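Okay, so subunit A shows up in both of these, paired with subunit B first and subunit C after.
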Partner chain A sequence: MSSSRAYSPLVPWCLLAPFLVAFTTFTTWPLIRSLVLAFEQTYGPKTTAFVGLLNFKFLFADPMFWTAVGNTVLFTICAVCLQIPVALGLALLLNRPDIRGKRIFRLIFFAPSIVGLSFVAILFSLLLERRVGLINSSLHALFPAWDPDFPWLQNYVLTSMSGAVLWLSAGFYMIYFLAALQNVPSELLEAASMDGAGPWQRFRHITLPEIRPILNLITLLVVIGSLQLFELPFLVYNDTGGSGPDNRALTIVTYLYRTGFHSGDLGYASAIGWVLTLVLIGFALLQRVIARRAER
Partner chain B sequence: MLRYFSPGVWLLVFLAIGSSILVFLLPVAPRPGLIFWLFDRNHAMLSQHIADQWNRENPDMPVQVTLIPTSLGTRMLSGFYANTPVGDLIEVERSLIGQVFAGPLEDVGFVDLTDRLEEDRVGDMINTPSFSPWSTRDRIFGLPHDVHPVMLMYRADLVEAAGIDVSQIETWDDYFRIMRPLQRDLDGDSRIDRWLLSAGPTAFQFHEVFMLQAGGGYFAADGEPELNSEINVRILSQLAIWYVGPGRVTGELPTTPATAQQLIIDGYVVAMLAPDWFVGSIRNTLPAMAGKFKLMPLPAWEPGGRRTSVYGGTMLGITKASQHQDAAWEFAQKLYLSPETARGLYEMTRIITPIKANWDEPIYDEPDSYYCDQPIGRLFINLAPDVPLRPSSPFYVNAQQELNAAIIALCHYVEKRHISDPTLLHDQCRQLLDSAQARLLRQMQRNVFLRHTES
Partner chain C sequence: MNQSTAGSRLPRVGFYLLLTFFSGLTLVPFVWMLCAAIKTKTDFFTSRFLPVGDGWLGIAWDRLTHEQFVRLFTELPVGRAMLNSVFFASVISLSATLCAAAGGYALSKFHFRGRETITTFILATVVLPGSLLLGPGFETLFHLGLVDTYAGVILPGLAPAFGIYLFRQAMINSVPEDILESARLDGCGEFRIFFQIVLPIVRPMISAYLIIVFIATWNSFIQPQIVLQSPERHPLAVAIFSLRGLYGDDYSLIMAGTLVSIAPVMVLFLMLQKEFISGLTSGAVKG
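For the complex of A and B:
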């Protein structure tokens, strides 16, 4: 079957035009503008002064920025170490043929990811509240020695944030793992069993290599998501502009937001944004290199 | 070309281009009269009443009261930074004003009211300390809405049942000594369930209240930071001991209003620092607690010292974008200077007006049955002239963050070493505040706009 119409070379461009216009307006132009802004000091977009590399120079010596970097990196490490094993563990459990009510469990585990970070922030603020919060009051009721004023949100910022995000995300990533696990050839596992391989050996030498592409993808998603953490600390510690006690909840994006939209210094905020972008690109490349090596 | 696309595509293209042209060509209707943005529902209700009167008298310049409870700050800053539409008059809360003052003086989005206040002799009518948060580089940009003196709100039912006479309390030391029997474990689990004062290391809002009362604060009158002043060193050392020392006397109420209210009802704290707006808020939100609270002046830091402080604040500003600045100024005066507003404000919120001429209104002397028939308006007015100055700064939020971090570090130091004598903390506190001051100065020196203004 051959086409009876001869298309003008302009047609593909016309079809692409809406996307190109939108992409240029809302992505390329802001990207270029933010790069220019990173070399300026601003009071809103109207009042600007070119300062060269001053923003970056100040940024690298800014203790608040390094606090934000430290908090974000710590949170990312916790997220990777918690979310991936828990999500994989849940998926492995639900992938067992002898488990009843799989669909219900799948729904229960996945449900938190539907509600979003804002809801989780409010929920965990209430759960972890001193004295009247459900966690403290339950623990005190079960173990009278437990301090009902235990300062989860004040002194255990990282634990609280990690717990909240784990509750939200584990079920979401579990679905990815479950899909990957269902594609692991059962004949391979059966053959290994017949050859005397135990559960750990089957997991280590068959399941893990088979699900590695998904594992790599999820690791990258968790890392990128964690490095961009914003809403959760911003809402939980709203009274301190998202930075929390002693700036322990301050993340890179919260700092960026505060600098840009509270102080009006869009130049410095752009500098922070570009540093974060470079870090994210670095992580993506690193992950790619590691994944390729593992494939070989 | 026509034949390559279906009629549906052409219809869409026509609609897109046609509607864009139409929108572009449609004349923008001139805004009728004055638009007044507020963030608080009570203020809006009260202002609406005055606006209705104004609208009857000035039908050609009506005022439209617009309540923007959550996003007023963002919309205002967006208007100042990027010329998006803003109201002619805006009520601004204190925590936002630093951002408005962060740029060059000529770029502040509000009209400089200094000369108008002087010409119309309005400045003389207002409690002087109330101007300080709304001023920068010796220029005033807002009409103060309030004074917000702070008193101590205590549980009269508990205090009187224990036979404690609060008239013997003059200083904080007296307060904690005399009230001590009230701090106790109520359920027998060996943990304190009732603390003497609502405060704590992460109840950040109170650190400044204490420092201001003692004569300290974040900034000096010339706008220079003074985080590491000797007064601040002394006060923060004492606070750290109260908060986490072996003889801890304070308990922190949660930030979530519902849970905080429950703990107040349960008697988790004997007393709270209470500005006038908080007194009104408790009265409106916890009606079942009527007759259980009383107010007294804050205990002083030393005998003969100041018995109040200041907490919170709002101003009314006229935006430079307004086409009717004179009318806006006229309305602002009518709204803020009138005795009717003062009465309404007090009735609705228990906030006292900063207009000194209105302090004689009989409403302030009326006994308030919620507070055991105390004339709380008069109690606050008596303290109003003593309210400390709060010099404004574009770096207010930065200073607050630095100080919060310092006090938390100091509290950890106290917890680790079980220190109970505040004088033993002074060196450590000074060291922490010196570092905080250095970091703050570094941030301030980066701002090229303010550097230019100073030079």
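For the complex of A and C:
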């Protein structure tokens, strides 16, 4: 232990310096500022006043905020119910040992994750367009009764956004499930099938318990990611400032962004940010409790 | 030998059919974009994929065009935006990786006062939503005079808390203490130890992290959009989106712009997919 003192005490600080300077300036300081701002009101660009909990009081009485919360929660429920089964399903399909071309399929499913959100927003707003969009024109070609003017983006905001996010991220989470499935001991599965266990029973009693830690983690990631949904609806519904028809595309972060950057009220925006942060921390802690309990 | 493991009721063909079906669904938006990018504005409205004609396979190959790409790179500032994207993505990925590797090394292999506090604080910030820091972060950039500068996009990228987590983990798992100590006994300088001994050991993490940050920076929209006002500094993610605002009805042009923005990172990903995917899973599956 004493020999590890052979370096000068300055060495670790020198190594840490570039990161620490940037981190202090662009993370720690803004973090402190956001805490202060949350208790201030911003009038125009220069004037601020301490208002205590007033921002939070206004926030909880703000119908627009609750609209945003409602949309975000609905989207999060859809995301959990869609993305996790699809990602796990794809991983299970690929995990069958005698499938050839596994790497190609994995590559294809993962490819959308590489596409940036602003490009996905452009692509999906054209795909879902009335008449010329691929989705309506294909559905009309397959089922002539389908209305080629079907208003996906105009009337089915939740479905459109959930579909785009599913395309974007199912393959991403699939990678994690695939890694976890590879750790499921195959002797156990073989023994079970010799004892006459069907595929569903093997999945339910062997695979699922084995991958439970990853399943918990991915659920947390999907929830945290969905509660922060922003760029996709913001860009698809950019002509309405991200709120979409009847404010149905307005998410919590979109509202935060608009409050901060369009209305210039950084105080109110910070209050929204902190409420969101506390909710995210709550989910992270909840996941830890669930994971601990499962370990016992 | 695998026959019994796979003794599923659904025959193998069923698996292939399902996999092919889902692959098709995944790929079709890409194919549609590619087709839209190489046909004329009028053909876009009359054909779903490629224009129908009497060429080979019933497709009017002679009606295909590269006019959109020419327009993007001559009369529109897409070439410039692509250079900006390459610049941001390379500079940020290289410097963020260096900062994260050096920081992760310091926090895992040295003992100094305050180490635990700093580590805990950095790791705790990983959970914070990026949107919380958007406004105050802009305020900071404004006070530093960095609004609408390249540095205003690059410098915040040098504080990757998640990178610190990844590299600290990699150092703890794979850099043995006795190598460092014997190097010190041999009189090797601290910076030579870092560059010539430590970095080569965590090389897999370096290449994985480099490509992850490169792609993430290439795709980042909101940060450059807030910081940069001058269009000549915009990266592709911002430039193509403003193109959509200006030429919204020219679908072929928009799809061609999106295609040239996605293609470079797709190629990069295809070349380095192993590093990329192992880097993504190493954080979660081991931890």
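In this text, the second predicted complex is superposed on the first by the 273 of 296 C-alpha atoms of A that agree within 3 Å, B and C clash if a C-alpha of one lies under 4 Å from a C-alpha of the other, contacts with A are read in each partner's own complex, and residues count from 1 in each chain.
Here is the rule we go by: a residue touches a chain if its C-beta (ideal position, glycine included) is under 8 Å from a C-beta of that chain, and two chains touch if they have at least 3 such contacts.
Quick caveat: nothing in here was measured; it's all calculated off a predicted structure.
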*Which chain makes contact with more of the residues of subunit A, subunit B or else subunit C?*
C
*Once the shared chain is lined up, is A:Gln41 touching subunit B (first), subunit C (second), both, or neither of them?*
first
*Kindly classify A:Val11 by the partners it touches after superposition: subunit B alone (first), subunit C alone (second), both, or neither?*
both
*Which of the two partners, first being subunit B and second being subunit C, lies in contact with A:Phe58: first, second, both, or neither?*
first
*A:Phe261 contacts which: subunit B (first), subunit C (second), both, neither?*
both
_Is A:Asp246 touching anything from subunit B or subunit C once the two structures are fitted on A? First, second, both or neither._
first
*Once the shared chain is lined up, is A:Val132 touching subunit B (first), subunit C (second), both, or neither of them?*
both
*Tell me which partner A:Leu142 touches in the superposition: subunit B (first), subunit C (second), both or neither.*
neither
*Common interface residues of subunit A with subunit B and subunit C?*
7-8, 11, 14, 126, 132, 238, 261
*Quick one: in the complex, what on subunit B touches subunit A?*
1, 3-4, 74, 77, 80-83, 99, 102-104, 107, 189, 191, 201-202, 204-205, 251-252, 254-256, 259, 262-263, 268, 397, 401, 404-405, 408-409, 439, 446-449
*Within their complex, state which residues of subunit C touch subunit A.*
2-10, 12, 15-16, 18-19, 22-23, 25-30, 32-33, 36, 44-45, 48, 95, 98-100, 102-103, 105-107, 110-112, 115, 118, 121-122, 125, 127-140, 144, 155-156, 158-161, 164, 177, 181, 184-185, 190, 194, 215, 218-222, 226, 237-238, 240-241, 244-245, 251, 254-255, 258, 261-262, 265-266, 269-270, 273, 277, 280-281, 284-285
*Spell out the part of subunit A that touches subunit B in their complex, as residue ranges.*
5, 7-8, 10-11, 14, 41, 43-47, 49, 51, 54, 58, 63-64, 125-126, 129-133, 140, 144-145, 147-149, 151, 154, 238-241, 243, 245-247, 261-265
_subunit A residues touching subunit C - in the complex, by the definition given at the top_ = 3-4, 6-9, 11-16, 18-20, 22-23, 25-31, 33-34, 37, 90, 93-94, 96-99, 105, 107-112, 114-119, 121-124, 126-127, 132, 134, 137-138, 141, 167, 171-172, 175-176, 179-180, 186, 189-190, 193-194, 198-199, 214, 217, 228, 230-231, 235, 238, 253, 256-257, 260-261, 266, 269-270, 273-274, 276-277, 280-281, 284
